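In what follows, a structure is listed as structure tokens, so that the remarks can point back to it.
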Amino acid sequence: MSSNAQEHEDRPWFLAHHFDTVGQQMSSAKLGMWLFACTEVLMFSGLFLAYFILRDLYPEMVLVASEELNKTAGGVNTVVLLTSSFTMALGVRAAQTNNNKALKRNLLVTIACAFIFMIVKYFEYTTKIEHGLLPGAWFSALEHGYMLPKYSRVFYGIYFTMTGLHGVHVIVGIGVLSWIYIRARRHEFNSENYVAVENAGIYWHIVDLVWIFLFPLLYLVK
Amino acid sequence: MSDDSKKTDEKAEDSASTDVVATKTEKPVTTDGDGHAEGVAPEKSYLTASRGVMSWLVTVDHKRIGLMYLVATMFFFLVAGLLAIALRTELFTGQQDFMSAATYNKVFTLHGAIMVFLFIIPSVPAGIGNFVLPLMLGAKDVAFPKLNLLSFYVYCIAAVMLILTLVLGSLDTGWTFYTPYSKSTGTAVIMATMGAFVAGFSSILTGVNFVVTTHKMRAPGMTWNRMPLMIWALYATALIQIMATPVLAITLFLLVIERTLSVGIFDPAMGGDPALYQHFFWFYSHPAVYIMILPGFGIISELITVHSRKHIFGYRAIAISSVAIAVISFFVWGHHLFVSGQSELAGIVFSFLTFAVAVPTAIKVFSWVATLYGGSIRYTTPMWYAIVFLWTFTIGGLTGVYLGTLSVNVHLHDTYFVVAHFHYVMVGGTVVAFLGGLYHWWPKMFGRMYNETAGKISALLVFIGFNTTFLTQFFLGHQGMPRRYYAYLPEYEVMHQVSTVGAWILACGLFLVLFTLIHAIKSGERATANPWAAVSLEWRTASPPIEHNFHATPQVTGSPYDFPEIDKSGKH
Amino acid sequence: MIATFIPPEKLGTPSMSDSPWELLPTASNHAASLDWLYLALTIVCGISFVLVIGAMFYFMWKYKKRSDEDRTSPLTHNGRLEFAWSAIPAVFLMLFFIQGEIDFVKLSAPPADAIDISITAEKWKWTIEYPGRSAASTTEVLDGEIAPLLVVPKGQPVRLLMSSKDVIHSLYIPAFRVKKDVVPGRYAFVWFTAIEEGTFPLFCTEYCGDEHSSMLAVVKVVPPEDYEAEVRAATTLEQGAGETIEAFGEKVYKAMACNSCHNPDASVKVGPGFGGLFGKTESMTDGSSLTVDENYLRESIYQPNAKVVAGFTPQMPSFAGQINDEQMNALIAYIKSLK
Amino acid sequence: MAHADSTQNSVYLNGKPVENPHEDHHHVSPVWEFTAVFVALLILTILTYVVSFAGLGPASLPVAMIIAGTKGALVALFFMHLKYEDRFYGFVFAVTLLFVAIFFTLTLFDMSSTDELNEEAGIKYKRTVEDSAEAAESAAAMKAAGLKPAAAGGGGH
């Protein structure tokens, strides 16, 4: 290490030993997070491709089966996630401007929005389960008086896989944001050391980005 | 820092005329015999810096994590290798010898799955790469040391899950888990797919670590054109690991959902389409075969230059072809589906793109052979392995052209020709390069030299055994012997017996490598800091290196291949 | 079926070629052009291999270390050479691509007048149905071994329309150089014109489970004039004159590929063995037990999943419509005769 | 002069260590920018919701994708600071979208061209053959039971 003993004192507490400057550590952390965000995008792309293939194999089935989905619930969830994205961006800005109080407030609003999203999803799922619009062996829509085309269970399989995996990512997001909130309460973040908040923001925006594409494809497209 | 290195900055860097770093006047920070710089109290190497098992289990030192990866991956290489010997012995005759058909199917599946997910993908990048990358970059550690340790433990969880599959009724779907067979079979498909899923995470974490380290933590003065080609290769591998593995994650996740909730997207009985699974799977798995071979390219670039004392021929071409292979490898996965219900139009497109990926690989091989021109070649064991690599990889590459040609592929697909091709590229390519790399960096890792003659004998045995085993399989494949066959027609018997004998010789060679290297750790004679008089940064620190790699952050002023023997007088 | 216990000389499926080293017979219209391309590939790749490895050995000999004061060449790159050795391989690769693509298009475009034979692949047997013949074709080829017989006229294009009942299989006739995966849920086709008489093996090359390596068929190329007679012989399964009912029953036992899951002795293979089965009391999966008699045998052949013996999974396919009464009686007589 | 390309750090120019040239300058965007983007996102959401009822038929997929694309771009550029960050992060994200595009186009190309070629060769999917057989069968059963065979309503039957 080119830094001798004297320099040790003025190294900020959050600078790891193997980095030379704070800038290097921050840009490394951000690049690492962006690469992880790319893996998330690529993973969800697999599900979107499965959806497009299903539309290619059974165009009319997908249209009829997607009619049963609750459009307003999807719309409300979209608005909720967009607000959470907005407050997350404000939170990152608050961290950059040493405004710890605003950071905590925004984090709480974001976590609250995430909870609302999960609750709306809970109601959506329960109605589906009651009406038997489920994948595979559980598909009993005909007994509930739904005249659905032959392979609708595959559509609901894809619907539950996509929204379920997205829901798991929202729950993980709640965990990450709560951890950031706890650290914010300990005043760990300031205009020098805010990369953790920014990375949580990147993760949350990716989750929101996936839902922005998922909502029209599953719920709206004719 | 002496004035010399400042003057050298003025000259145009990285062209041939750069003043060589270790000029006669400036004595590089050499260390005397037993591994510590003169005048400084003998500093402990990373091996002895802290004692006790806990110091290893919770270490964040990239060198220790690299060693742990090496031990784990070589253990699984042994396990899967023994399975391979069992397979070849069973195939000695056309009918049942000592395994039933069901057991044979489980053995070849586990041989494939363990080799791919637990040995060949992590071994060079995470094993040798973890150890060598920060040293070659002149960094103190990788960008995210804790993430590096997490990657190792995620790998261990994946290993435990794959071992658990053995207990839960093993797996008989082939390492590709093709549906609908993998959906209906009763064996432990979910445990195995979850094992591969978790191994994918470990691969992504290593990839992220390497890309960020290469971008952000290079030594002062090390521009992209002064990086050793090993780093270029590991960087290209890391790119693929990041971009391809998530698609494997979602494919295996959908397969598990298929088996548990029977969604029906891959199951034709419920309206899905198995060809869709093959597209998903091979979109990951073809780039994955480049994850396997690219690090091997990196090692070979190092071995050939250091041991023939010559600057690499066509540095820019090799560096860019590594990244080019990484990118083009995402376009070509369709050549695995030529005969499996893919449309002819798509087949034509994929065949054309497959030939596009062959060109950069050819450039690399030609450049390596051209590097030997005008050299002063030292026939050390690593050099022997590099020569064996050139022979076997050239055959592997050329036979790939057969399989890329559409009509010939119809005849050769899923026959032993394919088995021989990918073993030539994977065993003849990656494993031979991996062994060469182990011999090359063993003095740096343990500060001990291996026994040269034993090393050369092992190289010879590996060469003879490997070629006997797999050269015959090309003829088997052309004669129409299908793949994964447990019992075969009598006229294939002669070739199978030759191949089985070859497999036993190869096994002896590999065991000899194991003993030579382990023997070297205990009682090899001490190695100096730079036994091969190489110029890249990892040879500038003690061997075995101190815990934080370098006393003073090294300055890089020239290319890593400016050997003192290179004749700069311009009359050559 | 290559039974797992029969020594090689008893194996009846025809050998591909007389001696192991003789090249594959070129028995279809595709074979000649493919073999030519294969040869061209081998020559070009062989020459480039010799050049590369020859250069390597030459350099290894000429530039081996002679003394510690060796001076090595400062050469680091040569633009023209590097361009040459990427352009030349690219040209050769394009030639191979184009030739491969031309043959591949021919492989995928069957002529209109091709005879359609439909083949159904299921776990570990091929069922071959000829146009206009109801019964599937299974004939004993040689002693000891049984494989479905695909009779093909010489010189006439034939199109095999294939589909699979369960998992992915793959129909591969090495002598004709044709192969196509039989993906369940869709029809796949392969076409060829046989140009050489003889019998050639047909493999399944996509891994499909335990008996993947025993899932064979035999392709028999016959002159066009007696194609009809051969097909009728292949698809009729009657009691030959002077043939005891047990012998005919054994022919039915092999023709319907019962031996791919049931052994003639008492040992279990996939299903229970037939040895000593008749008259034995078996306990069923639902706990009830009954003695094995004609009715039980007849019922479990037509509806196998009705009463399954304890310890076995209901995976036997139904043979309803494939075995007529006469063949059924012979089969039962044969099973009765097995101890 | 040792040139400093964009992605390399701590370059020694004329012997003086240069502060990391592409150090991350902390850009803080104003609050009104965030609110403007947020409002735009809400409007676009309402737009895509309304458009879905407009019954565009086959054009509805591209339109929905364009709207979702613009929303995604807004989130990425402003909320994730891609607009003000070092070009490299944007480049990495763009390369990912390129690989996703490759995956989609080539797979969908194969799926659709399989259908075309099969139609030319007169080879139907087994599924469609079974479906039509099943449909004919149920129609016949309905006619036998005196009911008018159900119109094509309610899906593929």
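Labels for the chains are A, B, C and D, by order of writing; each one numbers its residues from 1.
Rule of thumb we're sticking to: contacts are C-beta pairs under 8 Å (C-beta built on N, C-alpha and C of every residue); 3 or more make two chains touch, one makes a residue touch a chain.
These are the chains along with the protein names UniProt gives them: A = Cytochrome c oxidase subunit 3; B = Cytochrome c oxidase subunit 1; C = Cytochrome c oxidase subunit 2.
Just so it is clear, the model here is predicted, and its values are computed rather than measured.
**Q** What are the chains that chain A and chain C both touch?
**A** Expected: B, D.
**Q** Between what two chains do the most C-beta pairs come into contact?
**A** B-C
**Q** Determine the centre-to-centre distance between chain B and chain D, using the mean Cα coordinates as centres, and give it in whole Å.
**A** 34
**Q** Report the inter-chain centroid distance for chain A and chain D in whole angstrom, where each centroid is the mean of the CA atoms.
**A** 16
**Q** Tell me, which residues of chain D touch at least two other chains?
**A** Chain D, residues with two or more chain partners: 9-10, 88, 95-96, 99, 103, 107, 111, 117, 126-127.
**Q** Residue numbers in chain C touching 2 or more other chains?
**A** Counting only residues that touch two or more other chains, chain C contributes 108, 184-186.
**Q** Where in chain A do residues touch two or more of the other chains?
**A** Only 20, 24, 27, 31, 35, 38, 42, 45-46, 49, 53, 57-58, 150 qualify.
**Q** Select the category (line, ring, star, complete, other) that matches the graph of chains linked by touching.
**A** other
**Q** Mind giving me all the chain pairs that touch?
**A** So, checking each combination of chains, I get A-B, A-D, B-C, B-D, C-D as the touching pairs.
**Q** Which residues of chain C touch chain B in the complex?
**A** Its residues touching chain B are 2, 4-8, 11, 13, 15-17, 19-20, 24, 30, 33-34, 37-38, 41, 45, 48-49, 52-53, 55-56, 59-60, 63-66, 70-78, 81-82, 85-86, 89-90, 93-94, 96-97, 99-105, 107-108, 166-168, 170, 172, 174-175, 177-181, 183-186, 188, 201, 203-214.
**Q** In the complex of these two chains, what residues of chain B are touching chain C?
**A** Residue list for chain B touching chain C: 15-16, 94-96, 100-102, 105, 172-174, 178, 180-181, 184-185, 268-269, 272-275, 308-317, 339-341, 344, 347-348, 351-352, 355, 358-359, 362-363, 365-367, 369-370, 372-379, 387, 390-391, 394-395, 398-399, 401-402, 404-411, 413-415, 478-480, 482-495, 563, 565-568, 570, 572.
**Q** Using the touch definition up top, name the residues of chain B that touch chain A in the complex.
**A** 139-141, 143-145, 147, 204, 207-209, 211-212, 215-217, 242-243, 245-247, 249-251, 253-254, 257, 261-265, 270-273, 276, 280, 548, 552-553
**Q** Would you mind writing out the residues of chain A in touch with chain D in their complex?
**A** 20-21, 23-24, 26-27, 30-31, 34-35, 37-38, 41-42, 45-46, 48-49, 52-53, 56-58, 60-61, 64, 71, 75, 78-79, 82-83, 85-86, 88-90, 93, 96-97, 147-150, 152, 191, 198, 201-202, 205, 208-209, 212-213, 215-217, 219-222
**Q** Can you tell me which positions in chain B touch chain D when the two form their complex?
**A** So the residues of chain B in touch with chain D come to 6, 9-10, 13, 215-216, 218, 220-224, 243, 247, 268, 271, 273, 275-276, 279, 283, 330-331, 334, 337, 341-346, 349-350, 555.
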